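Each chain gets a letter, A, B, C, D, E and F, in the order it is written, and its residues are counted from 1.
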Amino acid sequence: MSSTVLITIISLSTLGLLAAIVLFFVARKFKVYEDPRIDQVEEALPGANCGGCGFAGCRNFAEALVKAESFEGLNCPVGGSDTMKSAAEILGRVAPEVEPRVAVVRCNGTPEHSPRTNSYDGAPNCTIAHSVYGGETGCSYGCLGLGECVDACDFDAMYMDSVTELPVIIDDNCVACGACVRACPRDIIELRKKSKKERKIYVCCVNEDKGGPARKACKVACIGCGKCQQVCEFDAITIANNLAFIDSDKCKFCRKCEPVCPTGAILELNFPPRKPKEEKEAKVEA
Amino acid sequence: MNKLLKISPSPHVTGKETTGKLMFGVVIALLPALAATIWFFGWAALLVTAVSVVSCVIFEFLITKYILKKTPTINDGSAVVTGLLLAFCLPVNLPVWIIIIGALVAIGVAKMTFGGLGNNPFNPALVGRVFLFLSFPVQMTTWPVPRGFATGYADAETGATALSILNENYDKGNIDSLLNTPGSELPGYSQLFWGEMGGSLGEIAAFALILGLIYMLAKKIITWHIPVSILGTVAVFTALLWLANPSSNIDPLYHLMSGGLLLGAIFMATDYVTSPMSGRGMIVYGIGIGVITVLIRRFGAYPEGVQFAILIMNAFTPLINTYLKPVRFGEEVKHG
Amino acid sequence: MNQIKNFTKGFIKENPVFALFLGLCPTLGVTTSAINGIAMGLATTFVLLMSNIVVSLIKNFIPDKVRIPSFIVIIASFVTIVQLTMQAYVPSLFDALGLFIPLIVVNCVVLGRAEAFASKNSLWSSAVDGTGMGLGFTFALGLLGAVREILGSGSIFNYKFIEGDGMLIFILSPGAFLALGYLIVIVNKLGKKGS
Amino acid sequence: MVIALLTITLIASASLGAVYEVTKGPIAAAMLAKKNEAILFVIPEFNNSPTEDAYSIGTDGDSIFFYPGYNNGELVGTAVESFTNMGFSGKIKVMVGFLPDGSINNYRILEHAETPGLGTKMEPWFRDETGRRSVLGLNPGVNNITVSKDGGEVDAITAATISSRAFLDAIQRAYDNMRKGE
Amino acid sequence: MLKTFPKGGVHPPENKLSSVSPVEVLPTPQQVVIPVSQHIGAPASPVVKKGDMVKAGEVIATGQGFVSANIHSSVSGKVLKIDKMPDSTGYKQLSVIIDVEGDEWDPAIDRSETVVREISLSAEEIVKRCNAMGIVGMGGATFPSHVKLSVPPGKKCDILIINGVECEPYLTSDHRIMIERGEELLTGVTIIMKALGVERAIIGIENNKPDAIENLTSLAAAFSGISVQPLSVKYPQGGEKQLIRALIKREVPSGKLPIEVGTVVHNVGTAVAVYEAVQKNKPLIERVVTVTGKDLARPCNLLVRIGTPVADLINFAGGIPESTAKIVNGGPMMGKAISTPEVPVTKGTSGIILFTEEEAVRNPSGPCIRCGKCITACAMGLEPFLLMTLASRALTERMEKERIMDCMECGSCSYICPASRPLLDYIRLGKQLTGKVIRERSHK
Amino acid sequence: MEYIIIIIAAIFVNNIVLSKFLGICPFIGVSGKVETSLGMAGAVMFVMTIATLVTYLIQTYVLDALGIGFMQTITFILVIASLVQLVEIILKKVSPSLYAALGIFLPLITTNCAVLGVAILAVQQDMNLMQSVVFAIANSIGFGLALVLFAGLREHMDLADIPKSFRGVPIAFVVAGLLAMAFMGFAGIV
């Protein structure tokens, strides 16, 4: 072995040794503990940082998960139960099963149903419009049609229909993150339980006015007459403030309520056609 | 009254100023300089200007429409201003294809990549110019001498600009003799003022640029802060150098009127989009440009430094905007 | 793991330069011509391949605590070997790449791969991964080099196809940044369309 | 753990040492070859070994090296490794060959950081016969080898006057020091 | 040089079409709709029922808590119903609807024309009386006046400022009051001075109302401690912080009230209302409203009962012109567009302006060109362009740091912006978001 | 004067990031916010100065003395790696907030070309001890300047309307290109 090789070996080893020793002592002196599971959980999350969980980004949520006593109320809507399961596995806990949900727009105030009374000329933003005036129609509860919900959706699951001037949800893309629900200043959008074959039945109105004014503002407004509540056998329908609401967790999709509504405020979608009353069906779908 | 009543948040009246009118005002302010350059360089100058303006507008149209898929924004006139100013800092004998590349870079790279009007951190026309300067140094530093009307400039006689002559001679210590020798290559003050000398299109005639400044100040298109702080800083800095060593430096007046300083200080440093927004910020920005300009002119490799100085201070603009806020109400006068 | 996918991922989807934004200094620094870019890429590939192999061979013997230092020593050794070899047998290339040869040591791609892949996978996978990533890196550098050479010098692989000079700026530093910025967008657009 | 690290270091350093041993020769040879090739290029044929007969003069914080070439004992030319700090981007190193009468036989740029496409034109420019570009055959002792802008006899590279000045400065420096050394 | 505030401001065309029209009395309407919330603070709670007969000046709803105000019937007649009715924004609000029968007033009210100069009430009694009479600020904010008349413990007020600026274009109601009711006004000022315990009051009036300046200056000689100060014309000089700065060179710090710098600001209309409440026992049941517009047949100033439909006012002034595209309640810079002329006049209605299509249309907004004109225009020294961007991205933390809550919503920024950006629209949104965050934090 | 030239050259003329292409990864990675970038600049300055000092000593008194110059790369990287780890451990304890801000980038300083590059450059340019240290400090200031300017520009762009496909890294490169272009103006100042 030549002397160069020898010198090389000796000097490098000494250097390595020295560095190792210094580091060893410093590391001892300045030790800080950070839960390694936070990293693991974060890796299991989708990383969309959408805030659907209610936390500021995925890492924040991971920290919350690690700290949480139970997973009650903690859910990543984007990743769904699979993600929660793997997070639970990492932390050795059981995750609650969450039922998949999908957003619906509870307003049917198309120009045809709800004639325009004013024209809005402010900044195209629903919250701004909502805070300065009641709306372009006589209904001060309905959709303002400026698409703030659409802008909020990170998953290309919404668009504004130019004819109805209402937002439309593309069920296949919707991950039920709830961003649109939070964005809408009028609480028009709701996350409802997903059902087989994308079936939906819900009151497509949020107007709390009494029957007369409500009807005057919009042909398909819910007038709070209570007929649907009477026919529902499952206690799924409640009426409050002149407005009916169908609880998607209780609804059994029996379709009894839809025909009794005098204004057509209840919508049913993706059901097979009814035999005798086809005429009405067509009207609602239009 | 059969229409629907309009509803909107206040205010319900608006001022008369629009983006388009402001840009048009800048174009008007540039007309004297355009006239001067046509006077000295003939139709070739108009050709360069036209090519630049038209290609800027066309590029903006094509990019907004086909690449960004937005509604084209050429009506606001900002592309016209960019085109004009780009042309104004090019030599008159520049081949057309190079001008077109410059326009593409100015609009495509410096402006539209950032989302168009209002979003670009760097001055588009200057980016276009510096890009060309660094890409085609030979073509960008051959300056035809003015021959008046009607002649082509493809094969014109070329000469050095005032600043490049100075740049060659600072270290030789013969500046004062150069200036005082009749018939020396170095242009005199009246040439600087009226514009009969080599240089890029828009920079030669000081009087035309000053007319533009007066117009823009009168029309409130710009405020005094930026031009005054730049010119003031250059004057002070060069005066100090000159007083310390008159044979290796030229006097402040000469500095002010030569090169692209006036064009830059009046029209390019004042670009709204890329300059600070508060008065205090503008002054800091102007001082920065002044100092860097003189440093580059006097000590750097390039005879002229305004273009770089403005771009460098453009980079500082966001920081200036963050740290030099307007004076808030309640900050200045405390309890009376 | 599918070895073919493992190999090809480095080209577009996980391209160290275009997708992961790693190893950017040599990417910008040496790509004044296609040849330089490719040479740098291949030198890096060699180091990547060898260090991946060695790391995956000895992964079980290295305690966790000294994992990173050990990797660095291994990588640095291979870099020095490349350095000495190039200096001896291709001195002109060595001069052209200059400082960036020793800097392969700190190329995040190399250490990143050793740490993220080789220390967890088999010899064969690691070798495939190293080669794939290395060639992906080479591809990126070659592409950027080619673009800059074509625009900046009007030539490709030293073959001049226009009279006179190109757009000088592309040989200079601003051109490097600009070209890379636009290349990333274009490559990512094409990549998305492809998959 | 220390043992593992130590083992790795040991193996690494040993193999490095070995590679170094192997490449030491070729590296030195490559460096010498480069120099010899440049010398061969700038002075007429010789049959001594100029690198062995080399001598140097220190100036401006660096050194200038002289490689005299003899053919059968007769001086046929001197290759001078000269430098200048006046380049556009710092130092430029050139090898320039003088015939015994002091006229420039040929030159080669060894090292520089000038801008490609501008300053890099030094290599072909100053032996190009167009106009007054070429410095070959000029004698710095007789001719004024500065750029024409400065009143000299050589045309500067278009848009690269700085590099041209620097190049000529290196040549002049080589000549002056060669005369001084004699 | 006339006094003014130093920073910011704009100068919109004044268009004071009705400044020479004396105040006319609008006949009582057939029905009035009186909302129970016409002021800042808690809504009042109705004390009448359907079918009750009321006289003009009778309390129909009582204020809830300190910052609130009583509501009085402005007419005599029968309560038709108490129901939710659309207010000027189109949202429904609890209102008392009264069918007018005759014009019978509460006997306690002194309806004579004679001006009573002698002040018999003590400071506390004045405050109590204002509270009982439902006096709120007439300058636009409708802040209950009794609150402003009671100086909080620990604070001291040394000077009263009376706001006769009326810097909004078109509006002339304060102008007419200063000309026609100078003596009542000055007596009102003296009453307020007594309530606050100050020796000095300054009335600030913009120089475009020389007749008002002249009238008050000559009358003020007979009142001790009151002076009139002409100001140069610049919007938003009527903003209280700007006015204080212009008149006495004090700057109210961010987030603080004028009392912090030893002053209180009241509008001239408020001073007259205080006079009437204190000396004549008359509640706030009518007010002067300017009805104006370029195409309106007869721009005028009207004395109007609260609750009168806006349509009645317009009809009196010549009817809605065909060209009308927008109707604004208040001034063009700060007023609110109303969705239908059926809505009622309230205590805060200083003017009704009918805009033509040409004036009403907002130019399409373009990208911000960072011209800085909004910064120059903002009298609060804010950066509206930045606030708008931050608001549209809901960056509340940064908005708070950039002092969005200082914005007084004067609209100068939107007015001046060459790119027609809806700056104030977004700044309001930002203020809402930020205000919510701040409130939540202070609750914790 | 000599030191002034070194300083100006390193900060403006041959800016380590914009013209030498060293330390690009952290330049692109940690430049989102002005505050973080200031922290990063500080960390780099600290590490770079100490690293250059130590490596200079090792080069002169170990490698050159023993004639094993070829071991430069491996010894330098070892020294730098240990140093960074040292800084990391200490910072974690002393200023957790700064540590949190710099996050994963502290370890990245190890694999940061700037530190190793400057150490090697100082040796290559035959500088003496004092010159090397000044050189290191000047370069880290240059790094900091570029980083902070860049962070300011990126904060500005966060609020701008950048086309989707350019957001993030690509636009950062375009800005870096334009910044480098502006800095070309300093050519020849020293």
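We take it that a residue touches a chain if its C-beta (ideal position, glycine included) is under 8 Å from a C-beta of that chain, and two chains touch if they have at least 3 such contacts.
None of these values were measured; they are calculated from a predicted model.
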Please identify each chain that touches subunit D as well as subunit F. A, B, C
Please identify which chain has its centre, taken as the mean of its CA atoms, farthest from the centre of subunit E. D
Interface with most residue-pair contacts lies between B-E
Chain-centre distance (mean CA atoms) for subunit B and subunit E, in whole Å, is 49
Separation of subunit A from subunit E, taking each centre as the mean of its C-alpha atoms, in whole Å: 42
How many angstrom lie between the centres of subunit B and subunit C, each centre taken as the mean Cα position? 41
Shared-interface residues of subunit C (touching two or more other chains) are 66, 69, 73, 76-77, 80, 84, 165-166, 168-169, 172, 174, 178
Listing for subunit B: what residues touch at least two other chains? 3, 5-9, 109, 115-116, 118-119, 131, 134, 137-138, 301
Two-or-more-chain contact residues of subunit F, please, as numbers and ranges. 68, 70-71, 74, 78, 81-82, 161, 166, 171, 174, 178, 181, 184, 187-188
Which residues, counting only subunit F, touch subunit A once they are in their complex? 58, 62-63, 66-68, 71, 74-75, 78-79, 81-82, 85-86, 89-90, 92-94, 96
Would you pull the subunit E residues touching subunit A in the complex into a rising list? 86, 89-92, 326, 336-337, 339-340, 360-362, 365, 392, 422, 425-426, 428-429, 432
Taking the complex as given, what residues does subunit C use to touch subunit B? 165-170, 172, 174, 178
In the complex, the residues of subunit B that touch subunit F are 68, 109-110, 112-116, 118-119, 121-122, 127, 130-131, 134, 292, 295-296, 299-302, 305, 307-309, 311-312, 314-319, 321-322
State the interface residues of subunit E toward subunit B in the complex, per the touch definition above. 7, 10, 12-13, 90, 169, 241, 245, 248-254, 256, 260-262, 320-322, 324-328, 330, 332-340, 353, 355, 357, 359-363, 366-373, 375, 378-383, 385, 403, 406, 409, 411-412, 414-420, 422, 424-425, 428
